[in-house]
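Consider the two complexes below, in which chain A is the common component and chain B and chain C are the respective partners.
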Partner chain A sequence: MALSAAACGGGGNTNTSGSTITFAAPVSQTGAFGQAEGLYTLQGYKFCQNTLNAKGGINFGGQSHQVTLVTQDDQSVAATSAQIVDGYNDKGYKFILSPYGSAGTTAVAPVVERNGQVMLDSNGADTAIFTHGYKNTFAVLSPSSTYVTTIIDALAALNPAPKTVAVIAANDGFSQHAAEQGVKEAQAKGMTVVPSPTAYTSSTKVAANATDVSPALIAIKGLNPDVIIVSAHLNEAVAAVKQASELGIKPKLGFAATVAPPTPAFISALGKSSEGVLGSTQWVPEITASDSIFGNARAFLTNFTTTFGWSPDQYPYQAADAAAACEALALAIEKAGSTDASAVRNALVSLKADTFYGHIEFDATGMNTNKPMYVIQIQSSAFVTIYPSNLASKQATWPAVK
Partner chain B sequence: MSASPLALILEGRKRPGRELLAEWVRTRRLSNSWAAIALVVGFAAMLGVQQVIEPGTMRLLSAVFMFVALAQAWNLIGGFTGYASFGQVAFFGLGAYITAVLMNNSHLTFWLAMPAAIAGGVLFAVLIGLPLLRLRGHYFAIATLGAAEGSREVINNMTPVTGGGLGITIPTFGDQAPTPYFGKPGFYLAFLILAALSVAVSALLARSRFGYAMVAVHEDEAAAGAVGINTTSVKVIAFAVSGAIVACAGSIYAFQQIEFYPSDVFDPSFTVLMVIMVVIGGSGSILGPLVGAVGLELLSQFLRINLGSYNQLIFGAIIVVVVVFFPQGVVNFFRDAWRLRRISLLDNIRRYRL
Partner chain C sequence: MSQLLQAAAYGVVQGGLLGLVAVGFSLVWGVMNVINLSHGALAVTGAYLAWLLNLHFGLDPFLALPVVAIALFLFGYALQRGLINLVINAPIFLTLLLTFGLGLVILNSLQLLFNADDRTIETSYASQSLALGTVNVPYGRLAACGLALAITVGLAAVMTRTRLGHSISATGMDRGAARLMGIRARHVYAITFGISAALAGVAGTMIATVGSFNPTTTPGQLTLDAFVISVLGGLGNMYGALVGGLVLGIAESVGGLVLTGTWVNAIAMAVLILTLIVRPSGLIGKAQYSGRVEV
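And now, the complex of A and B:
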């Protein structure tokens, strides 16, 4: 595969076949994430496994090793994720791919650390995961601190740029940390945050996974912000857009949200109301990045969406995160030339890889900090990249609210 | 039936302790000691099992032991006393948060934080028990559900102390750790001891005068009051003992998890599982919650590991079927069948007019 001469397409692989290597992951097939986010992550892992094996597996020591993906449903419960990973350790599975989301990843990280396993984090972005000095957890995705700041940067580049924004944030670590940095960025760009810069910790804070966010909307009613930004997950963002129209609250320019807009579930939940909503995303197919496993970003999109029956206009970016995490692990094993967990960990520390997902390189805490975030807008039920401008496939429809 | 020393003390007989102990020892027979023997044998067997299983399996069984304790605790208030609480998870979350806050913010050891969590559980039970235990039936169930949801929101919004929705971490690595982490064998032992203690406490209470008072309150509270039972104190004590066990479970669970959020430890599904385990096993008995907890937790894990995305659906369907065929609980069904010498599900269906 990748690093070796076999990069010419897999067919020319002359290595003898070695033992298979197991990648193990707790995945959410039931519970809160079962129908959408957990599914996207699982599909990303599966797609990576299939593509890797088709390209000749992981090559080292003159042998090619196929990858076996082992998964178990964690019912979207963090404690169950942790328990599953302990069970994997009994079976000698040292290579872990993270469950969906920050809560599950947070619970698994200390387990991995104690067991001497290695975890590639695909969908747990909360910066708090990386403040405990864990040495065995590596995240390919950009951290929570960038989710709202990117939206602010995109808004500042639009015409007209908003002068006032309101930030509704869910009461979970990921969303609160994202909102905190976003408010700072908004102030740095000269925007006024209403009702107050700290409102996301009080009056515009909503319960995590809430399907009713009306108290937060009422707190900004009458203040007429130019843009309402929702720092949360799927449920809260859907509720915010839906209830805002029910309550007669209309931002002057438009809505923006983290996580939710670039998911197929957001469009299917909101229908026409999703039109024009901006969303920050970890990955877009317009980036100029490629590798020898998945090809370039556009090829990843085409092959992934064809395999799992998604429309290429509504692709779940979480699957790209998942595939990239799986790929980084495979690259590290190949680089280490061994399946010894500590050797692979050391290979991850010094890994510098250019992939379909962009450049992957971890800092001392295990974060892939140099990876940029992107912003899409939903136009005619399709994700349209609008920021940064050099990747923009179309002009933003702005103001998005008529 | 001869009474245990605890039961005699609860009955308030003014006799010296040595005499009571001597009488208790003298009256020991296999017929009145088999439960205690079974408990000791079971405990020893689980210690033996620990020697031959992998650490990850220990973690799985730790969860089983935890649910044994939780089900026994719920049975005290919901089964014996007849007050179906849908808010026992409040004690779990409270125990977890008291432990985490004391260990994280005040750097106290687990051995101080856990008793504090138990004390907190008892105090909370008395505080909410006094007003709420005046309600009956559905009203009590709804009020306790509200108390649990409310306590989660309080913890969720006490951000400076509890970390709120950002979660809380118990320091367990390096010299930051106030108590060295137990590891999987340690937590196996901790939950096993908790389970054994909760079974023992339930059994002792059930065989005491206090146990009959609980059942009397369950059967007819007005009549119980009329024969001189202080129903308020019976209800509050049962609620407090239950709260103490659940808070202790929450405390150990918090230490085991290391990092968690309010939504994790105030998850209403903990309460629901306690109720289902007791009802399916057989409420108002000691063996029922034990069988229910072990059976359902193992079944749920088995289905989760083997059935992928259908596991919760099948689990739910099994619960429905079991409740339809064994409305009095599996243990009570077999006990009745043994006494009547008839094992027939059709009888059961006729008897309960299904």
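And now, the complex of A and C:
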């Protein structure tokens, strides 16, 4: 790069060109995730590939190796992701970048394990993925347990802090686990969860990717919670905000949701109704982190949004996750000095890298557990970091509901 | 109890919206025996048109309805005359394939033009609601429900009291006999498909007003809804789609409250299966439509 030359401040690259290295990814381009989360993940991978190659590629053995990105649409179906990755193995592709989402990553992980491939997980946060003893899957992002707990922590720091919260959760593993941990955190912070602490498993549970969540909203109607928290993805969060208004359900302070609010699609789907909604996010450009490939976090934001035509006020954090996963894989290959999957896997185990995304270091299960999460609020159609306070770019508008 | 009333009220207005989505689909299926798998794509085309009119001219979606309906009617008429008519006598699988492919072409074109983001038409009233005690009835869905009722009644009047309606009914019952009576079946089919496309556009406009839409997931869902509702309500009766929509809307809303929201799809399918066991021609469908003569 290459990576080491740039890290040492070296400008020139005198290495000869080596063979190209293939990164393969089953990414949703159609189906439930195709219009938003899958697209952002794909753009993150592409941006990483282009930036890596522009910096000289991956350097080892006296040669610089360009990266080729191979992708295939998994149609937002987890089983299809797994089939695609199996097909990649038949073609000799050992380095896998994960599909979008926990369901797809959960399906792919055992395939990767069986085939001796190595997978960098960019957007599958469900901690259940890491309870099976897999040795070849490594996640750069914070686990699902932190998505709602971070929201609760941010709410507790606001004035006024909510006394009651309602949690609507989709019935996928990621959303349920995030809700479970969030309810515990809320109770630990002295908040009352309505209609009951276990409602997210019954009356306020909705089908994953549902566009009608009215039964869950009706279940909390009349209870007047201070905040309604949606532990789910884009479709459910959009439906919750829209249908709550239709049903005359108005939280006293505001809405919060995982995954959806820090995505451009949330704002385009809701328009002004998205104003004031809080959302937990894996990455914000205010963090003080940098590396030799992407520069600092702010530079990543500027270059990525310019490349793909996004507004810097509405950046998809999933792309940062994806680029960080791709970067970690490149760093591990360079560290291993080889494209042998086993050697790269061992390099990932001991990888300690400071990147634009923050510190990347995997625990024994393959999770990057030390990475914090953040909370943004949508203000004037822009993502404004409000938590933690030392990174806050503006004060939260609170109560968000007028 | 108030939750049950709320669920029932929401189910009624949601059912009306579903009926609006299905009425055009049901018409084409009943008259032409074509299961139009591009129906959702046509609805989303209407949604984009209304969205553009709102974005660039500030036109309220209800005022945009006539423009959308006329544009979609002309588009539907041309599609039928120029394309679908070529396979109208072919086995049903061919029309399924053709309309499925047509839907894909429309949706990919929309995706190229507008990208895949979710869109919505913002109004000051659609997300507000009429409070009746503890029950809130959303204005947007209420209006869509009223529109569905008005369109259904109007369509029934056209079908029973006008020459055009009689021509459409006659062609749907027995194309050969209709031709012998001097009816130009090709033209009648194109008008029928045009009306169906116009109604799809109206439904799409309402979907965009009360919810959100995108070119990837919305069309498939709308087509599936229309199919289920048409089967549930039954073909050959202009009120079939509305009745099917209302039954489905109430069943999903009330059932979702009692059994949790994750059961919504299972409830919908259970209602459909039970109905078909008891009444194979649908709730108010006419059995003659399953045994008609095609020449």
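In this section, the second predicted complex is superposed on the first by the 394 of 402 C-alpha atoms of A that agree within 3 Å, B and C clash if a C-alpha of one lies under 4 Å from a C-alpha of the other, contacts with A are read in each partner's own complex, and residues count from 1 in each chain.
Keep in mind that, in the parts below, a contact is a pair of C-beta atoms (placed from the backbone, for glycine too) under 8 Å apart; a residue touches a chain by one contact, two chains touch by 3 or more.
The structure displayed is predicted, hence computed values, not measured ones.
Look at chain A after the overlay: chain B and chain C clash there. After overlaying the two complexes on the shared chain, residue contacts for A:34 are found with chain B and with chain C alike. In the superposition on chain A, A:132 makes contact with chain B only, while chain C stays out of contact range. By the touch criterion stated above, A:155 is placed in contact with neither chain B nor chain C. Of the two partner chains placed by the overlay, chain B and chain C both lie in contact with A:207. In the superposition on chain A, A:333 contacts neither chain B nor chain C.
When the two structures are aligned on the shared chain, A:78 is found in touch with chain B, with no touch to chain C. Of the two partner chains placed by superposition, A:257 touches none, neither chain B nor chain C.
Applying the stated contact rule after C-alpha superposition, one finds that A:271 touches chain C and leaves chain B untouched. Contacts of A:323 after superposition on the shared chain: neither chain B nor chain C is touched. Stretch 91-99 is the one among 1-9, 91-99 or 145-153 where chain C clashes with chain B after the superposition on chain A.
When the two complexes are superposed on chain A, the residues of chain A that touch both chain B and chain C are 30-31, 34, 171, 207, 209.
Partner chain A is touched in their complex by these residues of chain C: 2-3, 6-7, 10, 14, 116-120, 122, 127-129, 131, 134, 136, 138, 140-141, 210-212, 214-217, 221, 252-253, 256-257, 260-262, 264-265.
Contacts from chain B toward chain A in the complex involve residues 54-57, 59-60, 63, 153, 156-157, 159, 164-167, 169, 172-173, 181, 183-184, 253, 257-261, 263-264, 267, 304-305, 308-309, 311-312. By the touch rule above, chain A contacts chain C in their complex via residues 30-32, 34-36, 39, 171, 202-203, 205-207, 209-216, 218-219, 221-222, 234-235, 238-239, 242, 245-248, 264-265, 268-273. Residues 29-31, 34, 72-73, 75, 77-80, 82-83, 86-91, 103, 106-107, 109-110, 113-114, 128, 132-133, 170-173, 176-177, 201, 207-209 of chain A are the ones touching chain B in the complex.
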